[in-house]
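Some structures to go through are shown next.
Two complexes follow with chain A in common, the first pairing it with chain B and the second with chain C.
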Partner chain A sequence: MSAKFPDAAMSVLDLLFAPGFFASAPVQTALIIGSAAAIVSALIGVFTVLRGQSFAGHALSDISSAGGSVAFLLGISALWGFLGVAVLAAGALELAGLRRAKERDLVTGIVLGAGLGLTALLLHLDIGTRSSGGAAISVMFGSIFAIPASMVLSMLGVSAVAVLLIGLIYRPLLLTSLDPNLASAQGVRVHAVGLLHLLILSLAVTLSAMTIGAILSTALLIGPAAAAVQIARRPGRALILAVLFGLIATWGGVLLAYDSYAWTPGQAWPVSFFITSLAFLIYLGARLWKRLPIARRTAEA
Partner chain B sequence: MNTLAETLTVSQLSVSFPGRQVLQDVSFSLASGEVCGLIGSNGSGKTTLLRTILGLQAATSGTVHLNGAVGYVPQKIAFDMDMPLRARDVVGLGLDGNRLGLPLPSLSKRRKVDAMLRAVGAEAFADQRIGDLSGGQQQRVLIAHAMIRRPRLLLLDEPLANLDVRAVADIVGLLNRFAREEGVTVLVSAHDMNPLLSVMDRIVYLAQGRAATGRTETVVRTEVLSRLYGHHIDVIRVHGRVLVIAAGAADEIPIAVEKHPVHVCEIP
Partner chain C sequence: MFASYMINGWIMATIIAVLAGAVGLFVVLRGMSFAAHALPLGAFPGAAAANLLGINELWGLIGFSGLGVIGITQLAQRQRRDVATALVLMALLGLGTLFLSLSGHYAQGVYALLFGQLVSVSRAQIWPVLALGLVILVAIGICFRPLLLSTLSPDLAATHGVSPKRTDFGFLLLVGAATAMALPVVGALLVFSLMVGPAAAARSLTDRPATALLLSVGLALLTVWASIAAAYVSDWPIGFFVGALAAAFFAVAQLSRRFRRAA
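For the complex of A and B:
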């Protein structure tokens, strides 16, 4: 009698975590790298959302795909390709120095178009010269299960740099996001802070591009952060919530993708699909939660 | 001119933007504890003058001499509804928002913020999100943000715009208290001088890029403002309020004497 309950629990666990999940090396790498990408994206994403620069964030991710395709062409690690192009594009956007939202969106859109055009050419060349038909899929939609173990340290290094930078400029970044005039009156160098924000953003975008793909990395950048600022009343809690949401989406996505081997035998569903869908559902959930009476009560407490 | 009692001395200050002279030869000085109204219609250079005093805008010529720290309340900020900052977080950023590194919990900071929130009457909504507050409440929080470092000079850019009558009176009372009780010099810009008349020691009246400055009663006179504008201006006092009316425009501008007899007209 008493032995039956654990059996039942085990089979539920088996259903949730398909056999071999925790033992699989690609899964372990995916969880580590995915977490790093989710944490960095969620942290900087909160500021990106508050600064109204979500479109710039999206553009940077898309443009970084040109870097990923160059890397394929040159046979170097995609990480450095994504990183190089994202940082260059961030610098270009900041150099344009546009403060009016409308002009900024316009220039961002134009640079984005040009960047994606370049990607089209590079991917074409990739396929031609290296006959790597997988390049396009991998650059655009990520390859979280195919990250070589040798890249793990470099990616964790990039993540550490990003998190340290966020910690360093946390207060000026928050103040500038609240209002640039307030910040500059307090002696904050608003332009330098803006440039650093874009630089950290390009690090986050690079990490996400490696995991869920260049054109999907916005999902990890904006979704968890946008959900968190709906709910949190203080900045510290917004950051913590955003990180939690990002991790839930990433871990849930990796798990579901692994499980999906069993749904359509031999053919797993793309992990990026699950991560982005979960991020979307979390955002919807946050919007709904905000409307509940209980949310209002806690907000007043 | 530069005696120690003067908190702010502006001498022959000129500022121009490409193709446009915004301020020309503006001179005035403010003593400790004085309240000064910076009055002028939209586009008359009020914000530019404040930004130049703060050092955020370069002057073409002339000097600004400051004696002590400056606090600043910028023109109406449209706070994002989703901004995850409570009123007390905004005030706290006034204390250390320019510092690097993560903020560590600090009892002395908490005490300073609480004291400042009390000083502006914002305790009741200290833990609400800044975006959820009314315009008058936000203005109190911004004043606390600017005052928490105990500046000797407080600059405010149109703090009374878009506030209801009650909130206007509250904010004016608050500014007056900081000036009288703590000796803070207050320079406050407004397009309508009337709410400030009861507390204003001095006035800097901007028009056509130039300024008429001095004690309120000596500046707000038909002759002085007519000279400033370069054409005839009528200054009329009704029920303790001041109307500044451009000659010839009276037909177009309804100065209706209805239930609320006073309507301040801007000079076209």
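For the complex of A and C:
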């Protein structure tokens, strides 16, 4: 290799990608899973932002932590725990009256509070039975590097289902998100589409809860989507941009976390920190970009 | 249950319940549940940061809750508030994971900060909370009418010279201060239940603001006291009971409202 590249370029590359980055198996798994989670979250995130349901999205991910705790308690795979509870929570939100916009904020809050109470209990039992305070950290803050390679296939399956569902109801989903009245006048079953949106949301939340932890998964859901919605004028473009931003945040986060072994000797910084921070920075960047004259000109053109 | 080591916990919980009930009513009326959830959760990394720096936890919590308030009001200027809240919350929590992992041995602390630990309250912890609590209550007392007006009719309030933006900011500061002090005791996730549940129930039960305020405080006290007692007897975490009771009060209040409408 060093015959091909000058030494200076090699050392820059080494600085960017700490040695062994591409060969490491956990990194490969993390990149695959992270990409799947980022894509699904970014796609459904755009609709969630447009619908003004960020709180519901965040509530679902917080409540899904109860699922992670149950899985820990029963010794089953965290994926099914997160998934089961997220779907149940989506049902509870719907039952409690999420579709009435006026009460939405309140109802989400109450369901979220009850769900978190349940998490408190389950984690308490986790700590009691397995005597490990680490359960709270791993459920809440996740670690993408700790996902076993055997989970990859089921997680990709969940992602495929989510993307397929989004594709199937793309037009009605978009229409109800932008203008529910118009949609219902055109004969779209707004209520059913809303329910499907919640269902896909719980799939996305499950995936990102596995990768960056239950209480942080909102970062992948809302961050890239909010940035894309700031910049893009058309829905299709917003979806593409959101996916791009999500992937940048995830890949950048994995890379930086891997590199950080070298910064503080012997201790890596958490991946979740890098992914959430990158997502936030991308959003701030999108806001700045919108103010630039060049962005205004392209928007007018 | 009323052993000497529990007394401080009872006193502390009572102060916090009164505050949460009062502040919570306006949270519910203004439709700011998400902010009320985000501020405590976003403030909890402050405790980890204070731990790293070796300063008093309360300062870390107040600092981070201040950051949260400023962040939300800044971003919400040209963005929907729910999106702004979500983004600020995530940025703060992201920092939280970093501080937690840098400080290493903090796993048990995380659980306590998220879900509360009432038993270990010391007398010295009560005084600052009591002082801050009184300040917040006095602030609510003084601003009760303008706050209510701007909550129920922002336009009318604006013609009376009450700026909606400034009221929003001021109110978020109140919420931030209340959560920062309640957090170490009832935990980041449960401050929120205590604010939203009883207040939402009170609002469904009455239309009169002053009655709703008293009812909200009363229900919050009932929730906390019952939760402490239940937690003591069962040895389950207090947070579970707070969350469940708050939701139960809300459900019952909603049902009774429906009955009254039908009657």
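As a convention for this text, the second predicted complex is superposed on the first by the 290 of 301 C-alpha atoms of A that agree within 3 Å, B and C clash if a C-alpha of one lies under 4 Å from a C-alpha of the other, contacts with A are read in each partner's own complex, and residues count from 1 in each chain.
The rule is simple: contacts are C-beta pairs under 8 Å (C-beta built on N, C-alpha and C of every residue); 3 or more make two chains touch, one makes a residue touch a chain.
Computed from a predicted structure; not experimentally measured.
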Touched partner set for A:Pro270, first chain B, second chain C, both or neither: second
Partner chain in contact with A:Asp179 - chain B first, chain C second, else both or neither: first
Most chain A residues touched (candidates chain B, chain C): C
Contacts of A:Ile76 with chain B and chain C, given as first, second, both or neither: neither
Touching partner for A:Ile110 - first (chain B), second (chain C), both, neither: second
Which of chain B and chain C A:Leu168 touches, first, second, both or neither: first
Chain B versus chain C as contact partner of A:Val49, first or second or both or neither: both
Which of chain B and chain C A:Ala146 touches, first, second, both or neither: neither
Touching both chain C and chain B, counted on chain A across the two superposed complexes: 49, 52, 226, 230
Touching residues (chain side chain B, partner chain A) in the complex: 54, 56, 70, 72, 74-75, 77, 79-80, 82-86, 89-90, 93-94, 96-103, 127-130, 142, 145
Chain A - residues contacting chain B, complex: 46, 49-50, 52, 167-172, 174-175, 178-179, 181-188, 226, 228-230, 232-235, 237-238, 299-300
In the complex with chain C, residue positions of chain A that touch it: 49, 52-55, 57-58, 62, 105-106, 108-121, 123-124, 127, 132-134, 136-137, 140-141, 213, 215-216, 218-219, 222-223, 226, 230, 264, 267, 269-270, 272-273, 275-277, 279-280, 283, 287
Chain C to chain A touching residues, read off their complex: 28, 31-34, 36-37, 41, 78-80, 82-83, 85-87, 89-91, 93-95, 97-98, 100-102, 107-108, 110-111, 114-115, 187, 189-190, 192-193, 196-197, 200, 236-237, 239-244, 246-247, 250
